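Here is the structure we will look at.
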Amino acid sequence: MDTYLPILIMFVIAGGFAGAFLLLSYLLGPKKPTDSKLSVYECGLNPVGSARERFSVKYYLVAILFIVFDIEVVFMYPWAVNYKNAIKDGHGAYMIAVMGVFFVMLVLGLFYEWRKGAMNWSNQA
Amino acid sequence: MNPYFFYAFATITVLMVVLMILQKNPITGAMCLIVSFFSLAGLYVLLEAHFIAVLQILVYAGAIMVLFIFVIMFLNLKKEDLKTGRRPFYQFAALIASGALVTFLVVQYTKIPPVSFPESVAGFGTVEAIGSLMFSKYVIAFEVIGLLLLVGIIGAVLLGKKENHD
Amino acid sequence: MQPFIDQIISECEILQGLPLWFSYLIFQLIFCGIIFVFVAVFAMLAGYAERRVAGRIQSRIGPNRVGPQGILQSLADGIKVFLKEDIIPTHADHILFRLAPYFIFIGMFLSFVAIPFSSQWVIADLDIGIFYLLAVESLVVIGIVMSGWASNNKWSLLGGMRSAAQIVSYEVPVALTILLVVMYSGTMSIQGIIMAQGAAPWNWNIFQTPFLFVAFFPLFMGSLAEGNRMPFDMPEAESELVSGYNTEYSGFRFVIFFFAEFSNLYLIGALATVLFFGGWQAGPLPDFVNGLLGIETPLSAAIVKNLVELCVFMFKSLCLVFIVIQLRWTLPRVRVDQLMNICWKYLVPVAFFNLVVMGIWMVVVPEYVTDIVALCMTACGVLLLGYFFYRVAWQLKNTKARLRFNPLS
Amino acid sequence: METNIQNLLNILVGGITIWILCAGALLCLLIDALWPRKMSVPVYTIGILTLIVTLCSAWYQWLQPDLPAAQDLLVIDLHTLFFITLVVLVGILTILNALGYMQLHNDLTAEFCSLIIFSIIGMVFFFSSDHLLINFIGLETMSLSIYVLVGSHKKNFKSNEAAIKYFIIGGVASAIFLYGVAMFYGAYGTLKISELAMALPTQGLDYLPKTAVAFILTGIFFKLAVVPFHFWAPDVYEGAPSPVTGFMATGVKIASFGFAIRIFIGINVLDMPQIQNLLVVVVVATFIVGNLLAIVQDDVKRMLAYSSVSHAGFVLFGMLAGFREGRYEPFSSHTVMFYLLGYLLMTLGAFAILSLMIRKRSEATHYTDLEGLGHSKPLLAGLFTLFMFSMVGMPGTVGFAAKYSVISLAVQNGHIGLAILAVVMSIVSAFYYLRPSVTMFFKKGAGGCPVIQEIPFTSSASITFCAFTVIYLGLNPDAFIKLAKIAAF
């Protein structure tokens, strides 16, 4: 736990500094708001409609595929850490077999995704 | 384990989750959830489960929250969409039911006889320890999870992909 | 960090009177402060350097007025921006608009906690350090998406979404590549990974096997993309999106985004150094310097040792930073669909392939072969580098340009 | 490490049925990925072959005198093998139904086949493991595949709606299930059912294990769609493509009961009086609500949804019936197993016929769509009526044998009140089960083309099989009840 304490300290320092600086700049800077200054920037024109329109589903697909692959990769890390020692103990083949099955499924998923065109960014919705 | 840290993190976690439920704006709610994920990670660190703590941030706060935010933006609920009819009876009933459940569980948990946990073994919660368990005793679970994730990929592609043959 | 603090405490009598946890706390505070200042200064200098390099590449001068050779330019800019009005658009989501810079700022500084600058100077040597770096990156993503959404500006939103999709996609090849290094070193601690390498180039990870060499490129490209650097700076492609997710930000809030971008630059370099170029490993150099200076007390010796290692680390990482800066002004920007294709259709399969071959290699190939391969690869690397310089010289000769070695001119 | 390799070999040999399934599913997926949209027929053939080989290997293992002692994470005993047989049978019939359905709807996606097999794999892990972790992963694999299958009719609005509803409800159910599992772990530090069973009586804990069981049961109840966790069922059953609905109505329930029996007997759930009361309440509510609401439906699929609710109640009642003088007799779970077999056959038969109903390129299962079917396709209408009769529990069909064995067990063990309720509700169910048949035979269609026009070969195969077995098992139930008795704990 002790090794993690500095993270908390850094968290506080960074957050505190950011807050302090923002406060300082708020105090120092001028405050002359006008309507057009506070309006949304749209290359000098009056903004048209709201920006918060619905988004293409492809972003969603990318995110969900990322999650799946992220989790798969996360599962591979404990394997990777133990791999070198396992080879030393002469169990390299076992480790390869165990990961091989997992890996085949992962690669099959990637391949499937590829062939189904889920990776083509441009010709989707 | 330092009890002060525990209580601090636990309070933040619960508080943020409650806030998340009460938020009107879904994005703000999602942000509350992120904070609660971080304090959960803090709790895991206190439990010496460092790997899990980092995973909590990497997978939940990083990956899943991005998806959450995407979905919220994707749905793009306007303010008027969010104004569902308030149903005080249901709210009241839910409050009573959840309050009763929480009280019940708290009472039950306090009844767990005090177990003196052994000091954490050297290497407990490290990646090595998790890995050696995962690839010996729980190897089936590991492989089935691979299968589960494959199903996830198929599902995402099948449902999320627009057919381009028509 | 712990041993170093212990050493200081044992040397310093005033500290021995204090409770141990208190002095630890004080030291950790101090070191965090030092890192904070370092990052701030680095970001400013990098901003300046970037403009100077850009100037040189585009045959112009770049900033050279404020201070000697314009080195204080960033400071002047900072002060100027500091005094600007803090504008929050009326239609923005006020809470999130204010909150987003904090996420980015904190996320960025948190990653520096785990970077080992020398054998003892690392604030938190976590046993899952590499993962920690990946995890903290996610804070930045959230900050970016948040700022994009909160601004209620079309450019911002598009930039934020693109950025998130991009960072998120490139995390897969990056994680897979790091996996390769973890496999080879057998640990996830950053210090452990450095320790598994050596000072000499043939002990660096990049020259250990051909696969690690290949793996360097997905990592490097991935971290460029995660840092929104050229050629992957789609999120803030100024020709399409004004300034991307930070379009609506002004004043000091904008400076925070600027800060994040340039400190990320250092992270790119540091990560590659740690994983592939031997980190702070300096071999016999510290002892040599100690002997040269005639230092005897253990504390001073330790400080000198760490300083030498710090210099080695800085040198390596700053070289990479320079390459990254140069890339920005050399390569054109890729399109969004190309960006995604590069990730999913090239980098990820390459990383997968690498992983398989590497796994088999580690079992099959005996150690002495590995050593020979490492030597051969180092030789090839040196030859390649030599060829590069030869080409540069040839080009200079052919174009009859004069090579000027004064970088500040 | 040597033990690891030994373990691995044990698992490989013991769980051979599962590995065949996995290999088949992956092969289907690979072929589909290699030649997208072109290889549907070979993929389906491979899928069916895989399932048949699995069935054979399961039976081969059944006949082995000493079953290979697979690892504790994967228990391959007769109970498991019996349930594997059931779910694989469901899989084969579903794929046959789906082939017909997709031929009619002109929409042959090969993923369907691999998803069915994936979800069967999930089911097998769900009920065959002694470790709650694996149970949960199996549950999730099963559910995730079915969420996708439910939504696989992408252009159908109802299908999308059903997928979302089922996904959210399923997610909640899984979360509740997992919370119960976590409580067990928190209280006893283990997730193995056999270890929990030993730890339960010794500890001084009172309500915590019961709460945990209640949570786990709630999770399963959602999957089973028993009252009061049934409200999603009609919408989802209606929206999902008909073969998928059949798969959900049978496969998920069989798997959930397989797991329920394991945990009921494993940790003596029924010996906890509170849990027993809870079950009684659920069973009574399910009987009443399921049967009464089925009467007022206008759509055959919705009606069958409520019918499956009430059948789930019946099976749960079968679990409760084995309770005698303060103790549960593990052996009596054979009635439940036989009931599930019968339920599977008649439900899938009915859904095979429903899958053929198409009008204007979409499913047509409203009662008005059935009008005149008795005249245009008398044999098919007759078989549908047969399945409905079996669901009511008409003597001579498997439905009768199944209900009889449950009710007689209940009477033997003194659950007279519940038994009477079950009989009454079976009589009530005749009202709604016979309504489609009445519509088919006695109402003239208002013109327009009949709802069933062509009958693909595969569908007729599965309908024939179901009809034959429904009658055969109805006439000779003893042999199969004996099998179930062997398989029961």
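Order as written gives the chain letters A, B, C and D; numbering starts at 1 within each chain.
Heads up, the rule we're going with is that a contact is a pair of C-beta atoms (placed from the backbone, for glycine too) under 8 Å apart; a residue touches a chain by one contact, two chains touch by 3 or more.
If you're wondering where the values come from, they're calculated on a predicted model, not measured in any experiment.
Considering every other chain in turn, the ones in contact with both subunit C and subunit D prove to be A, B. When the C-beta contacts at A-B and at A-D are tallied, the pair with the greater total is A-B. Averaging C-alpha coordinates per chain places the centre of subunit A 17 Å away from that of subunit C. Taking the mean of the C-alpha atoms as each chain's centre, subunit A and subunit D sit 39 Å apart. Separation between the centroids of subunit B and subunit C, computed from CA atoms only, is 31 Å.
Taken residue by residue, subunit C touches two or more other chains at 126, 131, 149, 157, 161, 164, 168, 171, 188, whereas all remaining positions touch fewer. Across the assembly, subunit D contributes residues 1, 4, 8, 29 that each touch 2 or more other chains. Counting partner chains per residue, subunit A shows two or more touched chains at residues 4, 52, 55, 59, 63, 66, 70, 74, 77, 81-82, 85, 98, 105-106, 108, 110, 112, 114, 116.
Inter-chain contacts, as defined above, occur between A-B, A-C, A-D, B-C, B-D. Residue ranges of subunit A in contact with subunit C, taken from their complex: 2-7, 9-11, 13-15, 17-19, 21-22, 24-26, 28-33, 37-43, 47, 50-52, 55, 59, 62-63, 66, 69-70, 73-74, 76-77, 80-85, 87, 92-93, 96, 99, 103, 106-107, 110, 114, 119-122.
Residues of subunit D that touch subunit A in their complex: 1, 4-5, 8, 26, 29-30, 32-34, 36. Those residues of subunit C whose C-beta lies close enough to touch subunit A in the complex are 1-2, 24-25, 28-29, 31-33, 35-36, 82-92, 101-102, 105-106, 108-110, 112-113, 123-126, 131, 149, 151-157, 161, 164-165, 168-169, 171-172, 175-176, 179-180, 182-188, 242, 247-248, 251-253, 256, 336-337, 339-341, 344-345, 348-349, 352, 355-356, 359-360, 362-363. Taken in their complex, subunit B has these residues touching subunit C: 25, 27-28, 31, 34, 50-51, 54-55, 57-58, 61-63, 65-66, 69-70, 73, 126-127.
Across the interface of their complex, subunit D is touched by residues 86, 89, 91, 94, 97-98, 104-105, 108, 111-112, 114-116 of subunit A.
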